[in-house]
Amino acid sequence: MYELGRSKRASRAHSFDDVAIAPTRRTRSEHEVDLSWRIDAVTFEAPIVAAPMDSVMSPATAIRMGELGGLGVLNLEGLWTRYEDPSSQYEQLTEPMDQVTATRRMQQIYAEPIKGELIAERLKTIRDAGVPVAGALSPANTLEFADVIEKAALDFFMVRGTTVSAEHVDDAEATLNLKDFIYRFETPVIVGGCATYRTALHLMRAGAAGVLVGFGGGAAHTTASVLGIEVPMASAVADVAEARRDYLEESGGRYVHLIADGAVGRSGDVAKAIACGADAVMVGSPLARATEAPGRGWHWGPEAWHATLPRGERVFFDQVGSLGEVVNGPSHVPDGTMNLAGGLRKAMALTGYTDIKSFQRIDLILR
Amino acid sequence: MYELGRSKRASRAHSFDDVAIAPTRRTRSEHEVDLSWRIDAVTFEAPIVAAPMDSVMSPATAIRMGELGGLGVLNLEGLWTRYEDPSSQYEQLTEPMDQVTATRRMQQIYAEPIKGELIAERLKTIRDAGVPVAGALSPANTLEFADVIEKAALDFFMVRGTTVSAEHVDDAEATLNLKDFIYRFETPVIVGGCATYRTALHLMRAGAAGVLVGFGGGAAHTTASVLGIEVPMASAVADVAEARRDYLEESGGRYVHLIADGAVGRSGDVAKAIACGADAVMVGSPLARATEAPGRGWHWGPEAWHATLPRGERVFFDQVGSLGEVVNGPSHVPDGTMNLAGGLRKAMALTGYTDIKSFQRIDLILR
Amino acid sequence: MYELGRSKRASRAHSFDDVAIAPTRRTRSEHEVDLSWRIDAVTFEAPIVAAPMDSVMSPATAIRMGELGGLGVLNLEGLWTRYEDPSSQYEQLTEPMDQVTATRRMQQIYAEPIKGELIAERLKTIRDAGVPVAGALSPANTLEFADVIEKAALDFFMVRGTTVSAEHVDDAEATLNLKDFIYRFETPVIVGGCATYRTALHLMRAGAAGVLVGFGGGAAHTTASVLGIEVPMASAVADVAEARRDYLEESGGRYVHLIADGAVGRSGDVAKAIACGADAVMVGSPLARATEAPGRGWHWGPEAWHATLPRGERVFFDQVGSLGEVVNGPSHVPDGTMNLAGGLRKAMALTGYTDIKSFQRIDLILR
Amino acid sequence: MYELGRSKRASRAHSFDDVAIAPTRRTRSEHEVDLSWRIDAVTFEAPIVAAPMDSVMSPATAIRMGELGGLGVLNLEGLWTRYEDPSSQYEQLTEPMDQVTATRRMQQIYAEPIKGELIAERLKTIRDAGVPVAGALSPANTLEFADVIEKAALDFFMVRGTTVSAEHVDDAEATLNLKDFIYRFETPVIVGGCATYRTALHLMRAGAAGVLVGFGGGAAHTTASVLGIEVPMASAVADVAEARRDYLEESGGRYVHLIADGAVGRSGDVAKAIACGADAVMVGSPLARATEAPGRGWHWGPEAWHATLPRGERVFFDQVGSLGEVVNGPSHVPDGTMNLAGGLRKAMALTGYTDIKSFQRIDLILR
């Protein structure tokens, strides 16, 4: 703890940019490295989850993500569940325009109500393709569409907001009681964002199969400027990893997965997230660079279209290759935005690790 | 304390940019959050005070600020009290020109003497609109116009300079004795800038109803370059908050309000200022972005027109919406410069707080 | 050690940019300074080694480097050993083009197999010029061409990769056993990159005559972004210097040389590297500025052409003078990219040192 | 002390930019502030010394500096002592050209030998104007022109180099023995640059009337890049101030003056330098902005024209006003580059100090 002033102390927290993975005295061959990630009943070839953002996830790219060995998550309160055919909306959102115009246009387009039947239809499309099915709602919309979700028999349901707590207090409204909700729900629930030991521990006790660690840390989020709230990701993941360990003991063996959700823009960040203690990462911006991305290089998240307090920019990325190349390579760019799995694999091989779980223990340095 | 060199030690201080608000394990609903701020006999809907700068405050915008639930403060030694009709001066100050020309022009325009009768007239205009009335003078001009101010029966009178001390020493001149002045004065006096525990404690003992915490920390101030003096705002507020606590005990219950005055440019800074211990914030640059701002996007403060040692730039901001939108939303920009009250409200809700006073206790992190 | 989060601690590491050499109370005359560096049977006039990168080292420039008193190292898996006459490939690689095109073109051009007979021929060319002969291979290619190398009777053979360990583990493949390899090999072997005390100690125990200290720290390397692995150079050199000392005692007197390999772009960095404990430096980018550089100002390393995970950019530098001027002066630029030896010499004279070995003990400061 | 790596520790040092002056609980009136600085037999109105750089000091501007209450120091190995009429050389050096051309041209122009009779003539011109006379030579040229200097009966003679030690060791050459030189010399000698406690203490023991504290810290110096040597100014001044105190006691009352020489570009830096413990400051770049500056806005120092290892850039500054306005105001720019004395005066008044000596004790903060 550092003294900020006479009446206040503060703890120091660090971002992925602040840290680096330290080499060890061993190396391994890349072909020996096993990136597989098993959560609940599903095993993925690589611990890479695509963020539920309309700019990167359509039913088609969610399917493609599954085929590539990762998990695609559809935003269940985005364009695909508000519009029968969202192609005109995508047209409007991928035109060149200034930020203010883009924000106003997003606020208009996302004012259209969410339709339960479209949720069901989109999820069925993904299921029919034979890949794992996952979708996300914010806490505010979860109760309304819980039945639709339940019927859709997802592999994973995500409750994802800027922050999610197990103790939301409201004297007036009926609000989502996470513990009750998860208990009654058949589908494994992954919840977040959370960014501290205590919040994560509460979410784990509420029954979450996994927690999303993060709080507006992404490239296109401006939460820190708008709300003043921020938890640098390296420290957030390392804090929540301790909650996982304590809950594992307290629960007599329930292992809750940590998915780093924010500031994972390059393969080096994927490696750092695991090294800080994550089991998997959720990525957005690297996928926006894929030629299949529905945003055609433009990238925006749910924070960007908030009706009264938007907290995200629409940003543009050059498209560099197919979704397959972005996830599994080969890469043709030297900046870590392609071959995310390959970058992680090589980082592990060069430091002598062959599985994700033990790589979580590698030494880090502060730069 | 850190060793700077063998003969000197220094303490570390932090700016709002250095800190972030840490999430907690609780969330609340936004409609439960109460932003109201009561100081002396007045209750404001939000703890937002408009800075006495000609670029943002005219009688009209001071009135509008009051209607919006905040406090507008008129600069009583600015264009409105030097000129019967300052519209020509505003014209000249809002033309495109380089910094040197702008500085020279400001030095000329502000050389015109202040008129007591204009002070009275402007304050009456605001009072007639039925909103709280506040005006500011620098310490050097306070004695001369004290009678005019007294007669105008303001709700709050501000003595505002780069720094104000309760122990100004001058062997030759008759200078403002703050303690005597405040004692004799009916109107509650808010004094500043101050930036340290000891200065603040002295101002409190002199009878101030509130203190302005800051020292040239604003976007357009260059005090640090010109004078070398600077107190990063997060530490300054946290230091002065301890003085408030000690004085509360020492005085047997007098609560002196802290108004963070400097470096509050975005809604996230508003939240951080409160989180560091402030009761309210004084803002300038965000209001310069309102369509009603008399500076038409150009923004300058009293430091900028100093006759021999100017310490502020004239800067330009894009206008983004009405004053109402800037203060209370809705926002159409993702950078925290609109919907200041909404940003504070959401920050409090997401971290589980429902009133300003308890939000002062939230944990902070150093980034 | 600093706490990164509840479950993880991290050590702090520093780059050359983070440190500076502290003046002492003595000065010496420049003509008294002896920059000579003796390693194995060879004495060099200055401790400057040219990096085995095709953009700076051809047989001709390797010879010139030796004539100038330093050591030129030819990349034995680069253009000169893949192509009988690489001039057309150099043409293609020194055209203006964007990074993605450049990366793809490098991936194609370097897909051509390495020829053992070209290795022999290039090394003979250098030997015939009467200068010390050195060449480098990556660990993966070392075994295949070991016989060719052995026959070529180099003065120094370098095994150089992103990281090299003495304990590479592979359950399936036959991999390079460094200890056996060095033991059987007549030529002194210099090995790296390594960046930590323990790795370096293992390499020393494996019989290395010198170790390259570094891990993708160069100007054109993007290893930190792609892999997340990084060791800031000042700390890396200072760590490995302790391994040298401990091994010197443990071995009863074997002195293993430290060559700082990365982030040495200016003469000030050369001085800092020695001051951190290095015996010599390996430089790339300053040599790319020489008029003789085969890359004609364009600069790229082996990481840049990796087939599936490129980790280096092709960058351009203005050419400032001859290779002789870059290494030994006179300089006509004020930024430390010319007269590398002269900069080191003056730094030593101004701080009162006359030989490399004692200059390693000079005090450093953290900026 | 911080651990840099296992074999090396380093101390932390801070620049003027790293620190700020902390407000106190008192303020004073500006007219009460006394900026006078007495050294040896001369009292200056303000503690401001003009650096011996051809871009700012000619005989005419040295005279003007004296008239303005400060001290002008002529470079006795610059254009004015190499050329009878240097106007053509000034023409050539103030043309637009790239850095490499500028460096080469400076190297040519300054290859012309220094003439003793021109030294005498230029100093006489200054003396005839009735202002204090000061000139500077580097250690290498001091012995050759010592007689000329002695005859010129300067008020102050400066031995000024990148670094100057009292223990220069040279086995072969006859070198300047500072102690003997100062002992035999009638004129008070000011010596530097020095940047550490021990070097300064040795210079004080050698009999220096004042020491220049600095080591290539100026705006146009690239010493840190070229040599790797650097001492951030705030720490350097604070260290040397302790040497002054210790020497004062050891010598039974000899007070040696500290002149901060480097990184003083704005009035805020002047105030910080005094606050760190300096008695006066030597400034270069602010004076280059005066309309009378012989460099016409272009600015370069002796390091820039070194024959084999140039360590300074030629840089351009906009001209903002007369030399009088730059030194004593009034200012028309808000960035601290005009009215240096006024900035210092106001900084002292706002923090409650009325003389230079006590202002050295003010508290500083690390930003």
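Which chain is which? They are A, B, C and D, in the order written, and residues in each are numbered from 1.
Heads up, the rule we're going with is that contacts are C-beta pairs under 8 Å (C-beta built on N, C-alpha and C of every residue); 3 or more make two chains touch, one makes a residue touch a chain.
The structure presented is a predicted model; accordingly, all values stated were derived computationally and were not measured.
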item	value
Labels of chains that are neighbours to chain C and to chain D	none
Farthest chain relative to chain C (centres taken as mean CA coordinates)	B
Rotation angle (°) superposing Cα atoms of chain A on chain C, nearest 5	90
Same vs different contact residues, chain A with chain B, by half of numbers used	different
Averaged-CA centre spacing for the pair chain D and chain B, given as whole angstrom	40
Cα-centroid distance, chain A relative to chain D, in whole angstrom	56
Per-residue multi-chain contacts in chain B, two or more chains	12-13, 235
All pairs of touching chains, each written as two labels joined by a dash	A-B, A-C, B-D, C-D
Residue ranges of chain C in contact with chain D within the complex	12-14, 16, 19-29, 31-32, 197, 234-243, 245, 266-272, 275-277, 320, 329-336, 339, 342-343, 346-347, 350-352, 363-367
For the chain C and chain A complex, residues of the former touching the latter	2-8, 10-13, 15, 99-100, 103-104, 107, 162-173, 175, 194-196, 198-199, 202, 215, 222, 224-232, 235, 303-304, 307-313
